[in-house]
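Next up: some structures, all given as structure tokens.
Presented sequentially are two complexes of chain A, the first with chain B as partner and the second with chain C.
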Partner chain A sequence: MALDNGIYIPHLCGLRESERPAASCRLCFVEVEGLPNPVTACTLPVSEGMIVHTRTPRVDRLVRTGFELLLSNHRLRCGKCEKNENCELQKIARERGLKLRLSRLRPLTTEVPVDESPKTFKYDPGRCVLCGMCVWVCHHQTKVGAIGFIRRGISRKVAAFGDVPLGESRCTECGECVRVCPVGALTFKEKFWGV
Partner chain B sequence: MELQGGEAEMIYAEVEGVLQRHGLEREKLIPILQDVQSKLGYLPKEAMQQISEALRIPEVDVYSVGTFYNQFRLNPPGKHQIKVCMGTACHMMGGHIILESFERRLGIKEGETTPDREFSLERVACVGCCALAPVVVVDEKVEAKVSPIRVDGILLAFEIESKKSGEIEKLVEEEGRTQ
Partner chain C sequence: MSATGTIIQTYESLKKAAVGKVEALKQKPLVLVGTATCGRAAGALNVLQTFRNEISCRNLDVEVKEVGCIGHCYAEPVVIIAKPGFPALCYGSVDEGMAGRLVVDFLINDDPCYEFAMAALEPNDQFPTFADFPRGVYEKKIILADCGLIDPEDIDHYLAHDGYAALAKALTMDPAEVLEEIKNSKLRGRGGAGFPTGLKWEACRNASGNQKYVICNADEGDPGAFMDRAILESNPHQVLEGLIIAAYTVGAGQGYIYVRAEYPLAVARIRTALEQAREKRLLGESILGSNFNFDIKIFQGSGAFVCGEETSLIASIEGFAGVPNHRPPYPAQAGLHRKPTVINNVKTLSYVPHIIRNGSGWFKSIGTPDSPGTAVFALAGKVVSTGLAEVPMGTTLRTLVYDVGNGIKEDKPFKAVQIGGPSGGCLPESALDLSIDFDSLQQAGAMMGSGGLVVLDEDDCMVEIARFFLDFTQKESCGKCTFCRLGTKQMLDILTEITEGRGKPEDIDLLWELAEDIKAGSLCGLGKTAPNPVLTTIRYFRHEYEAHIQEGRCPALMCKELISYAIIPEKCSKLCNVCIGSCPVEAIYTRDDMLKAIYLDKCVKCNSCMVACPPQYKAVVKVSPPIVEKGGS
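Our next item is the complex of A and B:
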């Protein structure tokens, strides 16, 4: 990614350590001269003499729609969110001049309960953007493999085997997934801040 | 879903057989799950755990695949299978109301099975007789223009039937005793 050279491209799902990008957030679109359509920057390796445009009307449109789709099932109560001011969604909105509210889409948020069962952190599926970074670190970095994606489509979510609360699963509460979460879906409980 | 007596052993043996036939590569996961389901009728949790151990992949990955594909079911089929049509015509005629009535009456959600394994509830996409909407298929029988009252009727019929067969059994037993 071109992030090293001080050029920001919105992204949620990219992890440097992962060799194969998940390409699930659909926010890092760029246009490359010579390619007919915008491509996701995370899946395109840099090559010699490549000319990349990070802001074109087509790119902006794709990112705007992708961003609004993500917001449409995101519980938008930033004032009450632990990640307020430290949230990737807010950062992208600021950078691209996007609003943190829906203009064209209907909200799809359902009141899902917050999983408070782990001792050190809590999991709010209503704020999850399904970027998959927590799943990746759980499987490849910590080698615990407690969480994964279950079901599909609108009911897709991150959960443990049998969709049991995380506190009853194989989760070791190492907290790596919480550290990597770009939004407020996985947050440490207050007294464990900074542990 | 609680397992009944002897079921755990049966599941273990069947899964063991399927695993031996396919080998233990993770690429075989979907064929293994398909075979286990065709043997057992569904994918019990215990079977998924056994498969994950054998293939050396996290159990949540097996669960992930099992919940992703519509062909896999995680609950045993009931003695009576109720399929509520959610095709376009049935949806317009209130198919979801019928599904909800069944959910309320049976105390289960769509895709689940009652604890006594009498009924399982599913949604299907168009049975092919849209003029009769909303349609419910109970076992093999098509119920036409179903209303919430008819839902009660369908379930009542099964209740009476099971009571009757229970009485007949009792009579046969008594007859056997008098002879």
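Our next item is the complex of A and C:
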């Protein structure tokens, strides 16, 4: 990926360790000479002599729409978020000159309760961007398999089996999911910082 | 040579026995009742029971058989009676009474009741055939040819109609020759996108690995589409034969039929067909005495629309949630269990036996050069003759709607056709002379899709139609990728606001921008095509969007928030009180002059009074924009 060479492409769901890219966040669009339409960089194997443009009007437009769509379903109010200043959404906004508020779209966020049941961390579905990295590490790295995706469409969310609070699930509170969360959906509780 | 000889011999003996059985059946009167789902919905099972009862209590020597759908769904229940000495006759809209009369008058007393007959099946000098009607002139039946005429639960009926001849022929050919024939035929996938079937098979055949799969995609989920269901219920062996030939060509040992669990009759009939095919060694170990082994399993999908998308379908069979994955790798390279897999639609596979039997040259002589063959449409909506129609590619929409479908109900003006289901688009009157093939529809912004064709008239609001289809795709979106999950929701919210009279002038442009981005940005085919109904309705019916937003008016008088009901005093009668009785909320009152009027604040716009008002008055009307009551009164 271009990231190794100091070129930033917005992304949320990409995991190097995963054998197959999820390709679900739809933010890493680039244009490749010879291909008619913008493609997601995460699914495109690099080949010799390939000419890639990371900033074109079409790419910028797609990234902007995708980003605004994610924001429309994201509990904003960054000032109150533990991930403030350390959030991938903020990073994308900074890199691409996008605003962290909605102008064109309707806000979809419904105020959903925060799951405070685990001792060491908390889970705010209202901030989740459904990148799936937490689900991947939980299944493939830690092999715990406590969380997965449930429901479909706009109701899709990350949850434990049966949608029980995480504290009542088989979650071992290893904290790996919290470490990969790019936004403020999974955050450590403050008193456990540094423990 | 000896292997070839065995295959041909085995097949010929199967066919000979089948022909003998079917010929014996023709010696006595035969009653065929169409009991596919469309027939059952219209009461075919009662009709079937009546025939059986009447015939048995009169001790008649008559055979009664269940068959599938002949495509004339508007006339269900359909019954065909073949009595020696008479042309085989087809009767439409048969009820129990008519069934009883047919038994007495025709089967006992030799009066064929021509007054009830729709058409004869073969040319004769007594009664016109289907080919003598406009629909018959423009139709060209290939994959529907035997539907409704053969018993789908008896393999011998299919065998007697040259069934499995193509399989026997293919088994004597080298798989490469079969592939060449399919490639030459230029057959394109009937699932919607129109990808060349031969190329798909070739990619899978050339992919490395010993284990390969073929899958029949019968996860038909478009609102208003029922072609695949009808084919599976009416002629399941045709699909099996196509799937077996596909497996032989690409070298697959295991096949699946991915069919919706909501199609119980189709599932039952496929299951019977599989058992019978295995019994006759047309499936299983060493098929027809050759060294080719292949078997088919049924996999029942649980009703997720997105599972019709091939990567989701594969995930679903593997036991995961039906969520799409990125392509490439294409299933032909790494599909089910990461093995090369061919996935074809029911209709695509149905063409295969015909192409192998009659040659690619014959297939290419039908249709257009780039889209050879026929197209099967499920005619629905405001068209007189709803049902299944199979016409050559290149037929115009006008022919399809007015000649095959017999025009619009109540002779109302044509407004649009919604073609291709939720992934397709709405085409206006100006597109009526468009010839229908994969490429022309794509250019017009619609899509062949799986073949649903909903005819719309002046009473259909195009904004509401777009909202309806988007509501469907939004609910059926799996939610994996950003654009489809959130983009369709945003568009749906905007459309809902417009139909409720809360639209803003900038909404149309925003819808257009979002639609283009969702098309370009989504992960799978569902999201990439979901905006089509919105894009085409804005493209061809922008004025309706503008009327909703700027004037608060719904031109089709369909959007509830934008209409009021009113009673025209000049048309209302003092002698009639029907509307008052029909109103569930007591919103209609009698004025001092004995005419009726509506309390607008009480009215819930249920339409009951409009239905109830006798046709000689027709005094209840809908008006848009809604009447605003003056303050104080």
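Here is the rule we go by: the second predicted complex is superposed on the first by the 194 of 195 C-alpha atoms of A that agree within 3 Å, B and C clash if a C-alpha of one lies under 4 Å from a C-alpha of the other, contacts with A are read in each partner's own complex, and residues count from 1 in each chain.
Here is the rule we go by: a residue touches a chain if its C-beta (ideal position, glycine included) is under 8 Å from a C-beta of that chain, and two chains touch if they have at least 3 such contacts.
From a predicted model like this one, the values you see are computed outputs, not experimental measurements.
Based on the superposed arrangement, let me know which partner A:Val112 touches: chain B (first), chain C (second), both, or neither?
Neither: A:Val112 stays clear of chain B and chain C.
Let me test your reading of the model: by the given contact rule, A:Arg151 touches which partner, first (chain B), second (chain C), both or neither?
both
Once the structures are superposed on A, label A:Met50 by its partner contacts, choosing first (chain B), second (chain C), both or neither.
neither
For A:Leu69, using the defined touch cut-off, is the partner it touches chain B, chain C, both, or neither? Pick first, second, both or neither.
After superposition on chain A, A:Leu69 lies in contact with chain C alone.
Touching A:Gly162 in the superposition: chain B (first), chain C (second), both, neither?
first
I'd like to know which partner A:His139 touches here: chain B for first, chain C for second, both or neither.
The answer is first: A:His139 touches chain B but not chain C.
After superposition on the shared chain, which partner residues are touched by A:Phe29: those of chain B (first), chain C (second), both, or neither?
second
Shared contact residues on chain A for chain B and chain C?
Touching chain B in the first complex and chain C in the second, residues 149, 151-152 of chain A appear in both lists.
Under the definition above, what is the set of chain A residues touching chain C in their complex?
Chain A reaches chain C through residues 20-27, 29, 37-38, 40, 43, 58, 61-62, 65-66, 69-70, 72-73, 104-106, 108, 129-130, 149, 151-156.
Name, in rising order, each residue of chain A that touches chain B in their complex.
139, 145-152, 159-163, 170
Show me the residue ranges of chain B that touch chain A in the complex, using the header's touch definition.
Of all residues in chain B, those touching chain A are 45, 48-49, 57-64, 67-68.
Okay, in this complex, where on chain C does chain A touch?
That would be residues 304, 306, 321, 323, 325-326, 474-483, 485-490, 493-494, 510, 513-514, 517, 520-523 of chain C.
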